[in-house]
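Taking it in order: structure first as structure tokens, then the write-up.
A, B, C and D are the chain letters, set down in written order, and residue numbers restart from 1 in every chain.
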Amino acid sequence: MNFSQHLPALIVVVPLFFAFLMPLLARWRKQWCVPVTLGAIIFSFLAALKMVFQVMSTGPFSYYMGDWPPPWGIELSIDYLAVFAALTVTGVGLLIIWYGSKDLLHELKSEVIGWYYTLYLLLIASMVGIVITNDIFNMFVFLEICAIASCGIISIKESRDCIEAAFKYLVLSVLGSGAFLLAAAMLYMVTGHLNFTFMAEALPEAMALYPNNLLVALGLLIVGLGVKAALFPLHVWLPDAHSSAPSPSSAVLSGLVIKVYAVAMIRLLYLVFPRELLGLAPVMDMILGMSTLAIIIGSMFAIVQDDIKKMLAYSSIAQIGYVFLGVGLMSESALVGGILHIFNHAMMKSMLFLAAGAFIYGTGARKLSELKGVGHTMPIPTIAFCIGAFAMVGIPITSGFISKWYLALGALDVGRPFFTAVILISSLLNGIYYLPIVVNAFFSKTEEVVPEPEKLPKQMLVPLALLSFGVILFGVYPSLILGIVYRAAQLLLGL
Amino acid sequence: MRKLLILFFLAVIMVVMVATVVEMPTIGDPANVTNNEVPRRYVEESLKETGALNVIASIITDYRAFDTLGEATVLFVAIAAALSNLKAH
Amino acid sequence: MTITEIVLRLHANSYYFFAIILFIIGFHTMLTHNNLIKKVIGMNIMDMAIFLFFVAIGYVRGGRSPILEPGVNHTFINPLPSALILTGIVVAVSVTAYALSLIVKLYKHYGTIDAEEIMRIRGGGSL
Amino acid sequence: MEDVIVRYVSRFILPFVQLYGLYVVLHGHLSPGGGFSGGAVIGASMILYALSFNLAAGSKKLSHDVSSILESSGALIFAGMGLISILLGANFLANRAAGFPLGTPGNLFSSGSIAIITFGVGIKVASTMITLFYSLIEEEDHSHDHH
């Protein structure tokens, strides 16, 4: 028995298995909850790492669930994009829950913490499932798990804003899933397959017979996944949901969950739909328009916010715009930039949310104006916040610069300098709302005596330090991950 | 005003959807592309390959069992989310 | 395409047509009603419309439900959509249960299940 | 609810409902139905019990500990069968390929892992319905206490 050949299944199933076990542990062996959760996610992370090396050396491979070959059974497809996204999800997810193991004691009632770990493991498993599955119905099932679990980690907090935000999020997510399922039905009707590869083979023929049907399906898919990924006009749920949730939840929702939907969209658009169909209607131009609006308007909304988490949430709307900008430009560099931004933004935004959580943990302050001089009392979170802010603005030697650079190059490659200008303007806007916080935190002294903030435990500081180290590391040595991102983009574009 | 807008929006959706329904393959036609080798194998081979008389059962718990695991997980996540929400307040 | 042809096509695809109508009804319920329970009901109607649509794809004229009898040959319907929708139904049930638990809590915090009322209490925004 | 007729009738039909639910679960691979439908019937029978008698009697029959064990075990049986397939040298959730005995088609004990998985799903669905029902109802009671 060769254990490593089953990693594609185990990377999803091990977190699931321990999630099923978690309520029992929470009832009878409370002290095991944290180590078991961390262990399960570490396992998934190592499995993802192993698969990255495997894919880089021997190329993409697939795994047949239940030994049934593809059109009959469910296939997991382990390609460059899938392992890259799985590595991002498990790696950043691990750091967030490590941080959360202390922060949650502060934010949640003790009897629900076990449930939080359950939901968190299910969320991680479903996100990995979404990115590695090669079957549209299987993807739908994981989308639903992901939707309910992400609402669950919002509504778990004892505040009425959370409940209301979770309800709004749930209703819109379900609408999105409904649209996705309807699109899946339409695609199945004209292709007779649920597997992406077989669908892609059958679609050119179906396109000649039922072009409108496919266009409606494509529209439904974009709307369905767009609602979940908070693409601009469909983002209405995001600010409330991401700002009211407990800090680890905000970090995972903003950093990972919305990106996973973007990955799903990338796979469907590039690997399933034939290029000619995208030519029938200006789909890509629509996506570009939406993402441009997202970048500009999201940043503008972020400028006027006073609540630190709300500001970060609006900034996420702008940042998901970058990812979709990379998707819509259809050039190699732009796609590299978009995929890279999925990873970079996952690290930066989780770090920013965790740092904001640390401020709230230490001082209880949520307002930007209350954060004056926090750099002197809480140095490590503030430095992490600054690094994150610099990366958001796109200052060189941070990883945010690299992805913006590739996006800008990609826009020039296809002869659309307009989008390069958009990226520059948005960097300016990002600067307007991030840099004052940094300046305030270090250089302004408040007159009144500030109470000594609560001391942060190691479990919260180490993940922050690791994330800031990562942001710098991948800013200085982007070649560490550029190889796999390039191959992912080339595979998607069929180069 | 809002009502009118919603009605207009729904009417647009409906017209688009009905227009696609007109174009869709006829329901029940044995020549439809969905009646390909996939359901054929399920119906013809499932007895030999899974030993179950109920083809639906053989699909949901064998050929596509991973979906059903996902589905049991959905039930589980609903419980976890609902109970955590009810207990938290 | 003439009107007669369209009507004939709609008649041939009547399950799809009525599924779409049901979908619109559910969507309308969701958009226009302020009562949160009614919103959830609308959500369910919409889901059921999609399930009806999906199951109708699998129908084969003259087909029976796919329960085999050894030694007897029948025409069967396409079992795949039915099997998938079995999963879909359970998903819809789970979502409904969670949504109802959220409504219970909303009622406890705000004393109402009317979306506009809740918005008024919170001040601004839209649900 | 204090209705004699409802109580009497439900006391009379409850065993049959539960037996039927169990039948549907166990014959999932042979006849229409399966884990979901059967589990839903069993769950509905417990809800009927709670509605026609009272909540306290219902939760005495099935404590929180038991229901949470049942929930987890239903899902764990499912995932566990998949892991056993891996241990037997096949892919995750394999049935025939993992060497589970398929038996004679038509027998109650046939079709390898399908019967076991169906049973696990049945437990899962039944316990989920019961737990959700009780937790929503209990919540209602609590809020009455508050006001």
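Assorted remarks:
The rule is simple: a contact is a pair of C-beta atoms (placed from the backbone, for glycine too) under 8 Å apart; a residue touches a chain by one contact, two chains touch by 3 or more.
Everything numeric here is computed off the predicted structure, so don't read it as measured data.
Farthest chain from subunit C, judged by C-alpha centroids: A. Note on interfaces A-B and A-C: more C-beta pairs are in contact across A-B. Rounded to a whole number, the gap between the C-alpha centres of subunit A and subunit C is 29 angstrom.
Centre-to-centre separation of subunit B and subunit D, using mean CA positions: 22 Å.
Among the residues of subunit A, those touching two or more other chains are numbered 13, 16, 20, 23, 65-66, 137, 141, 144, 148, 151-152, 155, 163, 166, 188-189. Multi-chain contact residues, meaning those touching two or more other chains, occur in subunit D at positions 31-32, 34, 71, 75, 79, 82, 92-93, 95, 105-106, 125, 132, 135-136, 139.
The residues of subunit B that reach two or more other chains are 17, 23-24, 34-35, 38, 42, 47, 53-54, 56, 60, 62, 64-71, 73-78, 81-83, 85-86, 89, listed in rising order.
With chains as nodes and touching pairs as edges, the resulting graph is complete, every pair of chains being joined.
Against subunit B, the residues of subunit C that register as touching in their complex are 1, 6, 9-10, 12-17, 20-21, 23-24, 27-28, 31-32, 56-61, 63, 66-70, 75-76, 78-84, 86-87, 90-91, 93-95, 97-98, 100-102, 104-105, 108-109.
The part of subunit C that touches subunit A in the complex is made up of residues 23, 30, 36, 39, 43, 46-47, 50, 53-54, 57, 80-81, 84, 87-88, 91, 94-95, 98-99, 102-103, 105-106, 109-110, 118, 122, 125-127. Across the complex, subunit D meets subunit A through its residues 65, 68-69, 71-72, 75-76, 79-80, 82-83, 85-87, 89-95, 97-98. In the complex of the two chains, the subunit D residues touching subunit C come out as 31-32, 34, 36, 105-106, 125, 132, 135-136, 139-140, 143, 146.
Listing the residues of subunit B that touch subunit D in their complex gives 47, 49-54, 56-58, 60-62, 65-66, 68-69, 72-73, 75-76, 78-79, 82-83, 86.
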